[in-house]
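Below are structures written as structure tokens.
In what follows, chain A forms one complex with chain B and a second complex with chain C.
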Partner chain A sequence: MFEVVAFYLFAALTIVMFTITVMTQQALYALTAMAAGMIFISAFFFILGADFLGAIQIIVYTGAVMSLYAFGMMFFDTTRDVVEKRNNPRFVVVLGGLAAVLIVLIVLAPIVTTDLNAHYPIDVSVGNSQAIGMVLFTKYLVPFEVAAVMLLVAMISGIVLAGKKMDKSLTLMADEEIALMHASSHHTPEEGGH
Partner chain B sequence: MELTLNHYLVLSTLLFAIGLIGVMRRKNLLMLFFATEILLNAVNVGMAAISHYRGDYTGQMFAFFIIAIAASEVAVGLGLLIVWYKRTGKIDLDQMTSMRG
Partner chain C sequence: MDMAFIIETIAKIVVILLVFSALAGLGTYFERKVLAFMQRRLGPMHVGPFGLLQVAADGIKLFTKEDIIPQNVVKPIFKIAPVITAATAFMAAAAIPFWPEFTAFGYKVHPIVADINVGILYVLGIMAIGLYGPLLGGMASANKFSLISAARSAAVFISYEVISGLSLLAPLMMVGSLSLIDINNYQAGGIGNWIVWSQPVAFILFWIAAFAETGRTPFHLIANDHEIIDGFGTEYSGMRWGLFFIGEYANMFFISFVIAIIFLGGFGDGSIAGAFQLLLKVSFFFFFFLWTRAAWPDVRPDQLMWLCWKVLMPLAVVNIVITGLVMMF
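Now for the complex of A and B:
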């Protein structure tokens, strides 16, 4: 009973928050509404017994992704209203709903009649985090390592693109300027580096 | 009254529709990124629900990898966005039509 109440409460809250994110003209409202929506999403994971996933949702989304967006928004002019070109809003709403329903139908159509059996059945004798660890490090070890490499690449690219020297960026300079900078730093080593 | 898989799938569809509406109506690239995050989260809810009701850990595993991909997408995307903003001063999608002849 409490499960049902919690589901409907968090479903309503999540839908309202994400609607604010999509519809508002203020970038800061969108950011805060989405952070709230992400936390409400984690409630569904806890209801579904996926405790580890819920914790990861809070840590990664509201901890890492949202703070990254907040830092990124410091670079942009967020105080002015976001101007959107809107030629036919009702058309967009109808098309969005139709596309979502269509995608669900396409994904579900081949498997809705067949009786699926579990590859890695849920083990009730151990906790969720322990079972997740066992499946992740035995059956999904290679994707896990690939995801780790991908996160490393993303980190390096983030550092290169939005590096520490904000006044001069290697990605914005022409090749001659970079060569000039290197040459000057080599000729006068006592000036550079400190 | 008991919660079924369909409850969660309907919710997932609703959230996905909200995200799609955002992707279609936003012209500001930062807002477009927000909408894609909503799309990914909507899929995660469906994955976790199927994992619970089918008694299988595969759905949760896919949700983990989706979260990892979303995190790296944000890092790279925001870096590119900052470079573009420093170069042009705008992050509107309409100003990016540089290949028009």
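Now for the complex of A and C:
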């Protein structure tokens, strides 16, 4: 009984939250609703008995959405509405609705007639995190390692892109040094032109 | 799911809420007295014996103050931000065993609301959500100081979450379980079995990260009074500001419990003596929070980032690798 109530409660909350994320014009509402939606999704993992995945869902997405807030802070005045350019709202609604229906059909079509059985049912003799570990390091070892390598590549390229002039720190330099640095960086292209 | 279980759970939730709200209030009293003692002052002394009723006076003041919502703020977000801080602090307490099992009036009581098998992950995750309070409060206030504080809280969150996670990984590898009760039972053999002896580096790193995540003094730059007024709290008044305060102090107590349980043996074998030892350890960590506030200056934001990424994170990773090698061979 509790599971049914919890499921419908969190399903409704999640849908409402993501609807706000898409529909609102206020960047802060969108980000906050998205963070709330991501946290509400973890409830489904807890209902299914996958405690580990539920906790990971909370930890990963709070961090991920937090960095989105940082971007929001850099690009918008978050206390004002964002002015959106809408050329043809009806067209967008029709396409969006069709896409949603299509996704539901694609996911449901193969499984609607068959009885679902878990390939790896929850083993009550071992804990939740142990079960995840076993599946991750046997059946899904290659995708797991590939994902790790891809994240490493992304991290290194991020450091390379952001790391220019990282040996200089403006807070540790005297004003004259900063002025000198600006002056020299302005002159360099002219000298190159001669 | 029988009726007794539901009643027991609700009773435990109410007890934890009441006890720790009261402790948060008393915590401010202790903080002022300890700081006063270390700075050769008297601290609160006029209201009640030893100034003890100062807590009640402050509470009445906070509850009865006008709740000001300034112009130009994003109202719903501004209103909900303090609630997030206070609520998540208490939600994190659900997976913390405060006391060993005991029998009262022939009924066995487990003083933990929900013994889930990923306890420590849950506690860290919910405490991490708590930082949304300062972030949202700072971003929703139409105030530049609040915005700076929000930016800092995002930076501190993203950085020190890494430290607390990586430093805990090594002890968790040794225990082989994420449940705080299992971690406690692993050290039940006495003082020689405490994880702090085998994982001193992880202990220090997690302790430092705890200071960053509760926003206490060496890393108090989220609401640094002498440079950005009160940061995210600048525009808040009355009980909304009080909720931030309760959340901060409750978090200090809960993180003290977590450190004591993971590294210092928790409640040991579950005897009465062990239970009181746990309370002593928690009081020590709480006192240490106040002690550093009196003894240390604040660090600059760039020093904080330097410390996190160039010192603590490499140390944590090396610690994990060494632990793994020792466990393998």
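Convention: the second predicted complex is superposed on the first by the 124 of 194 C-alpha atoms of A that agree within 3 Å, B and C clash if a C-alpha of one lies under 4 Å from a C-alpha of the other, contacts with A are read in each partner's own complex, and residues count from 1 in each chain.
FYI, a contact is a pair of C-beta atoms (placed from the backbone, for glycine too) under 8 Å apart; a residue touches a chain by one contact, two chains touch by 3 or more.
In this text the structure is predicted, and so the values were computed from the model without any measurement.
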item	value
Partner chain(s) touched by A:Ala35 [first = chain B, second = chain C, both, neither]	second
First (chain B), second (chain C), both or neither touched by A:Val92	first
Touching partner for A:Leu116 - first (chain B), second (chain C), both, neither	first
Which partner reaches more residues of chain A (counting touched residues only), chain B or chain C	B
Which superposed partner A:Gly158 touches (first chain B, second chain C, both, neither)	first
First (chain B), second (chain C), both or neither touched by A:Val149	neither
First, second, both or neither for A:Ile106, with chain B first and chain C second	neither
First, second, both or neither for A:Met73, with chain B first and chain C second	both
Touched partner set for A:Ile56, first chain B, second chain C, both or neither	both
Which superposed partner A:Phe2 touches (first chain B, second chain C, both, neither)	second
Doubly contacted chain A residues - partners chain C and chain B	1, 52, 56, 69, 72-73, 169, 171
Residues of chain A defined as touching chain B within the complex	1, 3-4, 7, 11, 14-15, 18-19, 21-22, 27, 30-31, 34, 37-38, 41, 44-45, 47-50, 52-53, 56-57, 60-61, 64-65, 68-69, 72-73, 75-76, 82-86, 89, 92-93, 95-97, 99-101, 103-104, 108, 116, 118-122, 131-132, 135-136, 139-140, 143, 147, 150-151, 153-155, 157-158, 160-162, 169, 171-172
In the complex with chain C, residue positions of chain A that touch it	1-2, 26, 28-29, 32, 35, 39, 51-52, 54-56, 58-59, 62-63, 66-67, 69-70, 72-73, 78-79, 127-129, 169, 171
Of chain C, residues touching chain A in the complex	1, 72-74, 76-77, 116-118, 121-122, 124-126, 128-129, 131-132, 135-136, 139-140, 142, 147, 150-151, 154-155, 157-158, 161, 165, 177-179, 300, 302
Sites on chain B touched by chain A in the complex	1-3, 7-9, 11-28, 30-31, 33-35, 37-38, 41, 44-45, 48-49, 51-52, 54-58, 60-61, 63-65, 67-76, 78-83, 85-87, 91-92, 94
